[in-house]
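One chain, subunit A, links the two complexes that follow: it is found with subunit B in the first and with subunit C in the second.
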Partner chain A sequence: MRLEPIEAPGVARRVLPPALAIVATFVVAAVLAMIAGGDPLRVFGEIVKGAVGSKFALLETLNRATPLIFTGLAVAVAFRAKLWNIGAEAQLYAGAVVTVVLGTGALTLPAPVLLPLIGVAAALAGALVLLVPAILKTRFGVDEVVTTLLFNFIFLLFVSYLLEGPLKDPMGMGWPKSPRLIDEARLPRIVEGLRLHWGFALALIAAVAVWVIQTRTTLGFEMRAVGQNAEAARFAGMPVMSVILKTALLSGGLAALAGFSEVSGLKGSLTLDLSPGYGYTGIVVAMLALLHPLGVVVAALFVAAIFVGADSMSRAVGVPTYLADIMLATALLLMVLAILLTKFRVRRD
Partner chain B sequence: MEFLDILLSASFWAAAIRIASPLIFATLGELICERAGVLNLGIEGIMVAGAFAGWIAVWAGLPLWGGVAVAFATGMALGFVHSVLSVPFGLSQHVVGVGLTLLATALTFYTYRVVLPEVSSPPKIQAFTAVEIPVLSKIPLIGPALFNQTPLTYAAFIMVAVVAFVLYRTPLGLAVRAVGENPGAVAAQGLSVTGIRMGAVIVGSGFMAVGGSFLTLSAFDSFFFDMVNGRGWICIALVVFGAWKPGKALLGAILFAAFDAFQIRLQQTSVGAFLPYQVFLMMPYILSILALVAMSRRAEVPAALMVPFNKGER
Partner chain C sequence: MEGAGPAQPVLRLTDITKHFGPVVANDGVSFDLHRGEVIALLGENGAGKTTLMNILFGQYTADAGYVELFGERLPPGRPRAALDAGVGMVHQHFTLAGNLTVWENIVLGVDGLTAPSLRPAKAKARIRDLSERFHLKVDPEVRVGSLTVGERQRVEILKALYRDAKILILDEPTAVLTPQETDALFATLRQAVAQGLSVVFISHKLHEVLAIASRVVVLRHGRLVAERETKGATREELAALMVGAEVTAPSFEPTVPGPVLLSLKNVTTTGEGRATGLRDVSLDLRAGQITGLAGVSGNGQGALSDLIAGLDSPASGEMWLAGALPRHWSPRTAIAEGIARIPEDRHHTGTIADFNLVENAVLETYRTTYSTGGWMNWTDARRFAGDLIDKYDVRCPSRNIRIRLLSGGNMQKLILGRVLEGEPRIILANQPVRGLDIGAVNYVHGQLAEARARGAAVLLISEDLDEIQRLSDVIHVISEGRLSPAFARGTMKPEELGAWMAGHGFKETTHAA
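Up next, the complex of A and B:
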């Protein structure tokens, strides 16, 4: 077989493959649910109910979407410039660590000063964490996929050390957990009484900001150009290395904000299970969003809904929650294939 | 001197060879894929799946070698998924690989929960035991290290020779290396670049899964969720470190494993008393990154690595 580019794809060509990818994902999930002894319709029904069926469920979904918007944006920004940042997990924890270091009493400032300060510092820390693999890539040509992946393990061990050493809560009954943030360092709730914090609003603002950067600034143009064809960009006189490093700073900073938002907005302290793989899920979010920053918001809500829904589905029906992870990984693989098929036709030789 | 005591003990080298064994299988698998021009980042997930598949098969009643075969077949099936997406469709090998790792890991954990819904701790199996090779195992230091291991470790060493022989001494190996260097020339000879690449990814993925199964069938006797723990990513670094050659990759794996065994023993010495244990656990990952940086200068990367091949264009 070979692939033949389609000059002007029609509406059907652009819509059908992604739609089929979604349908196929649900078929796979239905078959697996049946193998586990669950009635697929009831399984999907419970997922929907658990994700959006009540005010509590809906707020839970929005809360779960918040870190995913940040990590999804981090991945989308990097992938667009073909910087393969698989290390959002490490950058997230870098942001969380800085939030704890600055927010547990080291600085006593009023909240309107302290919160932005911590946010910026957290983003800087995440940026620096990604800067190391980015420099190894630009200076030595070391593949950043492997280095960012390895950094995830290194950084998690570092956090483990901090939580058992310098950042350990003396009142934590021996658990590896940090002290709680002071009140001034906590992101307040958007509406009093509703369990949704300003981190969500911050995530939406970040998405719009990234969209503006990508569509309205020179840097955005350069990042796209480097991603599409680094050689051509270099030939056109663009500082390719510096664009990649700037992309890394932006991407790492965004991922770190997920850690800031989770600690400051949701948890109030840092533990080793702060992120159940939000960094990796961010890749799925970004790919489902076709790397579009506003699409990331939609994709993050969808992914969060599936995770939150699967939790309550599992309690009700007994099908393992890992069904959600399977659905998302399947959707990711089928979606990249579907997008290819919106632009190419498969021909037999 | 504590360091010297460690380095001169047979148990240290035996541990190093044991730690190296899963890495040898998986590194060979990745090497086969990359020699054919395909970066397989599904390795981590394939190792998880292989570890589980081999173990659950033995738990269900198959003999140990049957478990290894099931792991190999599981790896080939996952490799097939990777190869379809990455070879004929030429999709981003980064995205396909990471996606496959997520899929394989999720499928494994899901199957575990479906098959063993009630258990709080995973059941144990009767794992491979060490088989002493007569005479050779009596050589000081080297004997107990190399010739008193489990059959799966011997198999790992034999596979290095087999893979090296096939790659360098057979027409098939020539074809595999050629599609990784100059696929156009292979196509011009009337061979199918797509077929050879897909075959390499499928077989390579089988090796990765056997590497995973070493953990459950030989190193331990049970399956734990985080038991692969980044070994797949380390193997990717080992392929680079070994300059895409089986023999050098073997040396790299042993060197790496020796270092790993060394840090475990170092933790129990006076040095380990004042350094946090996390520092020691970090070392394998830091070492991998350093190896990548050190080797980056004299890169002998297959020329067509990560370059999709589409007949009639490019």
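Up next, the complex of A and C:
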């Protein structure tokens, strides 16, 4: 068996494999649901109902998608330039820590001034967190997969220390939890009375902004060129190292905005369970989106819907929520395979 | 011998047809190879030579047709079948392990180095015997890593002979050889043929085909268009058969050279990432003159090209540009200084494969010309790409397709257009026609001739001595990073240049200087 590249794939060749991947994902999930004792159709029905079946469910899905859009964009931007940022989790927490430091009364300014200030500061913190591995990569050739991945654990332990020490809420009954943000530092809700906050709108704006940067600016042109072929980019006179560093700043900043948005828009304070792995799920989101910034929005909504839907399905049917993780993992693996099949055909000789 | 009578062909291809999607790679190709015969398989890139050989070796299965070896049909799709039947292939890129000795490399694929049946002394004796019989001088005990390219090729041929190959297939064997080494190879092949072997010689160098082959088989667009004796054939005829039309090469009238535009003074480089750096190289590139750099590949051509392209800086010595020392030497400075760079590897250095023609067209000028304040000006970029496509005859369905879908010749035309539109003062052309068909070769050479007439200084780097001698006003030979003196057009015979390529002559000049 071997793979033969297809020079100019037709429409069927480009659409069919990804469609089959999604179908196959649901088949796998159906089998597992049956093994777990549920009726597959009912399981899927409950997931859909739980994700988009009511106004509450829909808003919950949008809220859940918000951090995933940010981390998905962070990963997509970096991967596009072949900067393998596995550290969105640490960058997210860096943004969250800065939000808490500046938003719990250290600065007292009116909200229209304070919120942008905190947002920018949070993004800068995330950018700096990724800048260090990026410099190590460009200067000394240190593999950023290792450094960014391992830095996640270091930073999470650092946050744990902060929550037990300097940032611990004195009124928190001893729980490792930060004080609550002041009202001026909270992202307001988009519509009064509904649980959806402005972080979601910010995420959509970020996605469009990234898309514009990638397609319309010289920096975007350079980032794509460096990612596709750094040797040719260097030969053409592009400043490859500086492009990688700028990419790191953008990627880290986007991931940090996820932390800012979660603390300021949703939770109001920082705990160690702020992110159930949004940084890692961002990789799944970005891959499902084929690294396209607008695709990230769609993929994040899809992933959020499955998670939110699975929660409520689990309550209704009794099939464990792990089904959601399995569905995502299956979808990702099959999607990677499907993308391969859009570009190559399998030969059996 | 294997039941093959004198009249029966040792190799017979019958109606071989192979499609890749809509592309026909081979279309009903049939020919015979007889015992003790050298045939040349001639054709431009993409004519289907490689596909045909891959079918013979079972890498591909033919859609129709079959291969017979010594009168027996070869089972399709079985890579070992042809090897076992006595066909040996010497690839353009060698498949030797540098850290093993010659005899180990030869035995490797046959017995395996750890097989209990292995008798080193016997194997070495056999290799010595073979190398004597076929004039393939090489010491079995030497490590392959320390051999020259020509010697490595001998090892490859010995490998095939050790396996009792009756048919030798040589894919572009002379691309890496000096003229002297080529002569030695031809002597070996004549010896082999005299002893009853048969040879398929794949090449596009017409004078070599005429020198070694008795018959030539010409492929064009996958079809066998001609099969004839080489006796009485001329290069022009063969070229016309290959291309399907009369070919006229551009001519180079003598010009009066202008001032020195680029000058290297005793430059040494580390040759970062390359096998060979430059050693004390001094070189002048003059306006209105093509300077040819001859040499066997890997002797510092890459290092010189990197230096002028802006990818490397002198470790010692100086590089002067139009009478000034440039500061912060980088690709961007080189472009700003008006140096047009045609890189050796157009697929990986010159273009970005998954970028479309527009993006590739502005790869070097996006900052200076096709953007304002950090915003790309795609309308202008698209117009520029369209102009290049028209003016430089880039054949493509649309400027929005990825450049990887273009043929090598069309890709090269786009690169050529991209760098020549800036009216460069200096042109660095590193292997500008390698792998191109004759039409594209003449186009590229014509463009270089025009640039020369316009007053540009051209540095032409090539491993094809024929090309160098035809185009260059001045020739230097590079060997192990050292540069020979300048030889004016027509003052050196190929053999004399070949001696320099092999490294002779350098010591004497150092003493004299």
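Before moving on, here are some points about what is shown:
Keep in mind that, in the parts below, the second predicted complex is superposed on the first by the 349 of 349 C-alpha atoms of A that agree within 3 Å, B and C clash if a C-alpha of one lies under 4 Å from a C-alpha of the other, contacts with A are read in each partner's own complex, and residues count from 1 in each chain.
Simple rule for what comes next: a contact is a pair of C-beta atoms (placed from the backbone, for glycine too) under 8 Å apart; a residue touches a chain by one contact, two chains touch by 3 or more.
Since the model is a prediction, treat every value here as computed from it, not as a measurement.
When the two complexes are overlaid on subunit A, subunit B and subunit C sit side by side with no clash. When the shared chain is aligned, no partner comes close enough to touch A:274: not subunit B, not subunit C.
By the touch criterion stated above, A:136 is placed in contact with subunit B alone, subunit C being left untouched.
Judged by the touch definition given at the top, the superposed model places A:250 against neither subunit B nor subunit C.
The vertex angle at subunit A, taken between the C-alpha centres of subunit B and subunit C once both structures are aligned on chain A, is 70 degrees to the nearest 10. Set against each other, subunit B and subunit C touch different numbers of residues in subunit A, with B touching more.
In the overlay built on the shared chain, the residue A:218 is in contact with subunit C alone; subunit B does not reach it. Using the contact criterion defined above for the overlaid structures, shared-chain residue A:33 touches neither subunit B nor subunit C, since it reaches no partner. Contact with subunit C, but none with subunit B, is seen for A:236 once the two complexes are overlaid on the shared chain. After superposing both complexes on chain A, the closest C-alpha pair between subunit B and subunit C lies 5 Å apart.
Overlaid on A, the two complexes show subunit B and subunit C touching the same residues of subunit A, namely 349. Interface residues of subunit A, counted against subunit C in their complex, comprise 4, 6-8, 216-221, 224-225, 228-229, 231-237, 239, 349. Contacts from subunit A toward subunit B in the complex involve residues 1-3, 32, 35-36, 84, 86, 136, 140-143, 145-147, 149-151, 153-154, 157-158, 160-161, 164-165, 280, 283-284, 287, 318, 320, 322-323, 325-326, 328-330, 332-333, 336-337, 340, 349. Of all the residues in subunit B, the ones that touch subunit A in their complex are 41, 81, 85, 88-92, 94-96, 98-100, 102-103, 105-107, 109-110, 113-114, 117, 194, 229-230, 233-234, 236-237, 240, 276, 278-279, 281-282, 285-286, 288-289, 292-293, 296-297, 299, 310-312. Considering their complex, residues 20-21, 60-61, 76-77, 309-311, 330-332, 334-335, 341, 343, 348-355, 359, 363-364, 366-367, 371, 374-376, 378, 405 of subunit C touch subunit A.
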